[in-house]
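One chain, chain A, links the two complexes that follow: it is found with chain B in the first and with chain C in the second.
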Partner chain A sequence: MLQEVWKKKGVREAVASYLFMAPTIIVMGIFLIIPIVYAIFLSFNRVRVLGDLSYKWSGLNNFIRIAGDERVWIALQNTAEYVAIVVPIQTVLALILALVLNSQIKGKNWFRIIFFLPTVTSSAVLTLIFMWIYNRNGLLNNFLDFLHLPTYNWLGDPAVALKSIMLMNIWSTAPFFMVIYLAALQDIPISLYEAATIDGASGWEKFFYITLPLLKPVTFFIVAMGVIGTFQLFDQSYIFSGGSGGPNNSTLTVVLLIYQYAFKSLDMGYAAALALMLAGVIMLATLVQRTFFKEN
Partner chain B sequence: MKTILYFCVVLLLVAGTIIGCSSRNPDGVTTVTIAGWQSNTNENQLLEQVFKKFEAENPKIKVKHEVINDQYMDVIKTRLIGDAAPDVFYLDAFEAPLLMKYDVLSPLSPDIKANFSLADFEAPLLNAFKYKDQIYGLPKDFSTLALFYNKKAFQEVGLNQPPKTWEELRKYSKKLTIDKNHDGKIEQYGFGITPDLSRQYFMIKAYGGKLVDKNGNCAFDTPEALKGLQLVIEQYRIDKTSAQPSDVGASSGSEMFGQGKAAMVIEGSWAIPFLKDTFPNIDFATAEVPTVNGKKGTMAYTVAYVMNKQTKHKDAAWKLISYLTGKQGMKTWAKEGLALPSRKSVLSELGYNKNRLYAPFVAGAAYGTIWQAGKNLPIIVTQFNNQFISALIGEQPLQSAMKKAEATANREIEAAS
Partner chain C sequence: MTMNRSRWLKVILYAILVLYGMITVVPFAWALSASFKPLSEIIAGGVNFIPEHFTLDNYNKIFIQSPLFGRWLFNSVLVAVWVTGLNLLFNSMAGYALARMRFPGNRLWFFIILAVLMVPGQITLIPSYLILKYLGWLNSYQGLIVPTVVNATFIFMMRQFFINFPNELEEAAQLDGLSRWETFVQIVLPLAKPALAAQAIFIFMGSWNNFLMPLIILSDQDLFTLPLGLNTFKGQYISYWNYIMAASMVFTLPALAIYAFFNRYFIQGVTFTGSK
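Let's turn to the complex of A and B:
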């Protein structure tokens, strides 16, 4: 019986191909699928991890707690504000940089390397450097002072603390997206521009009627990745605030909150519920974007 | 098909060797892992010396020293959960109630013999590591807070004595707050403050306020507790004679003091070696924290060696702890002066109580508030710090800030219990 099944070519091929995929399936299973399933399970439990591990089914309690938790709303608000400001600016900036580098300016290879540097630097190092720049007597304030502009307590004032992180994030991620735009720009056939030139189109018209529409799929990718990346903001605000999300919760983000509950209060159940909520929010945001970009 | 089979066998073999490697043990020698943080390299060298001596006296035990410098408690807790924690580790009194309650520490009382002279330890320090009549940790050292003042800055404005009371402190601060080059920006503030509950707890107690009630719930939203804190806020907002480190671009109170941006700060004894190393030119002296409401008050911090309940080398671990907290071991290590030895005999033998810089810290041990308040303290600290800063920078009055902090903390405590 087994022999007969084995003889069928389809079965043999299927077995062989699954065996080839086995390493990936095993790795994905252990590091991706099982943790996801486990996190969903955790979010419906009261978990005690320190000492003797214990689970107690608590139904939707963790999710009800989210609705009443003031800090969750602050974190969501901060994160939403962050997304709303950072994503558009970094996308437009990336496009402008890409357009500049795509034109025939001198030494553009050098510019590419210089622009790309912040992206290859570790974000922890960048954050530490920026903390020096943002220091009360740091580079930025000295510069503003020199121009007779008002100076700020960039790290200590709740009103500007989040903005300083935004500024840094835009500066460090825009070049990465610039490279993607640059690759897409070079894919646009020159013949299209030539045809438009013959038809008498101006530079702006070429940009709005050829470049932008052809870049649309890439723009969707960049905006989606930008939104996901900014929703998951953690390291910068963690280092800036020393893990507290202060001053006065102004740099608290959802992921930082998850970290605090999971590793400071060891409340894994609630932390898992928060993580699930964040996943839901990101999924929703991506779906909304898809409908925006998908008219035709 | 055969090739795939071979491949699987090889894979299994490789996996087997990797797992097998970790469980090998050289004959008769046990390795005890000890983890802690490190304040400076000198401290580390002294500690290594103590370990060398210990290994010489106990040839069957090897000590493996791990330094965890950032987010120490997060790392330790996570490793405790993953059964990968060191055998012996430092534990701050602040986090002790939680770990003792969750039964992850090994009680040390059964091993303590009479000749270990437990009575030699400062009683409040030892009590911080007691739970249900068992001792879970032996204090390695302690520190209190005292007033640091810049002698030169004092002379320049004609002061020759440190302030004795909080009223004096505020009066002196006004004299010491100076705009040296008249550009409208203050170069030297009178007083540097650290708006953190771990430093302000004694201000809550000054007028009879409490941090937690007997159930471990947050209880600092009372007129008595606010009265002490209000003094700090008033000086910052109305007198404008105090500053936070971040206001002047420093990362800590001692750095701010060392840079001459504050003429007085309240700091721990760890600041003495730091100032001497980093700012050798500054001429400073110390005094006891000025009295508030006519009463002396300060904070006391202590750290103990504790034993992981999961340890496989209980005897060796105990030998190490008893050596480190014994008279001899403590004496070698406490010379650095970052913190004061927790044994009274060592404290007086090393002459800390007669040293002019250290005497105010030793005196503080008698009336200091131990930085500990039940297992919910970490939650309370987060809420307090967030709201206290908000009140300090004038976003809301202190009363409403503290009301909010207390309500949020208690809600979290209830949800977590």
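Let's turn to the complex of A and C:
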């Protein structure tokens, strides 16, 4: 009987398929799908981690606590400021670099290879290199002094510290998006530009009426990725501030806050609620952008 | 007149390229230079890129006098190699099954993988930690490796790759009496090399550079990977920038070497991310 079932091709194929899928199903199940459900459960509980793990149902308390938590608002404000400055600058910079690399000039491949370097370097290393450059009497201040420009305490001044991380972040992520823009630019058919030239369009007109509109889907993708990436900022602020989010909470991000509550205060229920809130904010931001890009 | 204009345009384009090239390279050059300077020169705070008193002491110090550094390098390589190897195999298997095999639940699993792509990693951070704790895998290699051996993005990428794959080869293989598994290993995988290369690089770099997961899972310094070790190192030698930069350089060079040889696949990988 069993042998007859086994002889059917469909059954054999299904068994083989599930063997192919097995590693994915097991690992994703245990470390992705169960955790998502578990995170929702945790967010409605008070969780005790020390000693035996124990839960106590607390309803919406964790979420109510978020609204009154001053540090959450500081982190959100930092993150919002971060998104508002970093995303537009890195997107425009990526586009400019891609346009230059897309022109007919010699040696552009070498420049592309060099520009991409920061993207392959770890955030830990980049942060340390920039902390060294941002030092009180470090390279950047020396350079500014040489140009007779004001110098700053890049690491220690609460008014500047977040800007220091922003500068570093723009520098390290713009090249990644540049490559995506470059690929999109190379997909635009040359015939469109040729037709426009025949119609007497200037270079600027071609850029505004052909290039930009055709890049819109890619721009949406780049802005969305940029927003998600900046909302998830962690490594840089952690290393910069030694895990504190200082000076004076100026480099505190939402993910750093989640880390602190979960693994320093061991308040995992509340931290899980914060993580869910972050996911909600990210999804909302993506939705808002989608409608914005569709309307225009 | 137009000749003149296009020549000016060229000058401006080159100026932009060179300027941005310098902005990219200077931080690396400055770090490299610090790694060859003695502490006295670091403290003096000059802006010379070529060390006045060239020394290899910093490298000597981090490898010979802090024995943990070599250990961290070993851990990072071990974890990254395992994670990369298993990802290549498992993501390809799943991508192949989703693209080529008929089974109940095919569409459902594909949908789940797409949905999982949109979930930010921070949500699973705390539950994963608790699950690893329950399994007794905190502070272990497997705790670092197993949760990351499959990747939804690359399963999706492999599926797209296999869907456009010519059918004839596999049909011929089946006529020759090869099983699904034999076909997959002997025929399909060797032909998927370009897709595998792009994937391998991204996964290797992701694992090599990962900071957050090791930070929460590992407490034993013997098991630290380099990013974590580097952060500890920075805490120990707060103003010894010569040591910190030497350590940073040791950590960066393997990644740069891989990039130098395979930069074509990097670009392919990024381009794929952008077009999905």
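The rule is short, and it goes like this: the second predicted complex is superposed on the first by the 272 of 296 C-alpha atoms of A that agree within 3 Å, B and C clash if a C-alpha of one lies under 4 Å from a C-alpha of the other, contacts with A are read in each partner's own complex, and residues count from 1 in each chain.
In this text, a residue touches a chain if its C-beta (ideal position, glycine included) is under 8 Å from a C-beta of that chain, and two chains touch if they have at least 3 such contacts.
The structure displayed is predicted, hence computed values, not measured ones.
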Next on the checklist: For A:137 in the superposed arrangement: first (chain B), second (chain C), both or neither?
Outcome noted: both
Next on the checklist: A:115 in the overlay: touching chain B, chain C, both, or neither? Say first, second, both or neither.
Outcome noted: second
Next on the checklist: In the overlaid three-chain picture, which partner chain does A:260 touch, first (chain B) or second (chain C), both, or neither?
Outcome noted: first
Item to check | Contact breadth on chain A, by residue count: chain C or chain B | outcome: C
Checklist entry - When the two structures are overlaid on chain A, which partner does A:229 contact: first (chain B), second (chain C), both, or neither? => result neither
Next on the checklist: Looking at A:125 after the superposition, I want to know if it touches chain B, chain C, both of them or none. Which is it: first, second, both, neither?
Outcome noted: second
Checklist entry - Which partner does A:158 contact after superposing on A: first (chain B), second (chain C), both, neither? => result first
Checklist entry - Which residues form the common part of the chain A surface touched by chain B and by chain C? => result 16, 19, 49, 135, 137-138, 263
Checklist entry - In their shared complex, at which residues does chain C touch chain A? => result 10, 13-14, 16-17, 20-21, 23-28, 30-31, 34, 45, 47, 86, 89-91, 93-94, 96-98, 101-104, 106, 109, 112-113, 116, 118-131, 133-134, 146-147, 149-150, 152, 155, 179-181, 184, 205, 208-209, 211-212, 215-216, 226-227, 230-231, 234-235, 241, 244-245, 248, 251-252, 255-256, 258-259, 263, 266-267, 270-271, 273-275
Checklist entry - So in the complex, which bits of chain A are touching chain B? => result 16, 19, 48-52, 65, 68, 70-71, 135-138, 153, 155-158, 243-249, 260, 263-267, 270
Checklist entry - For the complex, which residues does chain B have touching chain A? => result 4, 71, 74, 77-78, 80-81, 98-99, 102-104, 244, 246-249, 378-379, 382, 385-387, 389-390, 393, 395, 408, 411-412, 415-416
Checklist entry - Where on chain A is chain C touching in the complex? => result 10, 13-14, 16-21, 23-25, 27-28, 30-36, 38-39, 42, 49, 53, 96-97, 100-101, 103, 105, 107-108, 111-118, 120-126, 128-130, 132-133, 135, 137-139, 142-143, 171, 175-176, 179-180, 183-184, 218, 221-222, 228, 231-232, 234-235, 238-239, 242, 255, 258-259, 262-263, 268, 271-272, 275-276, 278-279, 282-283
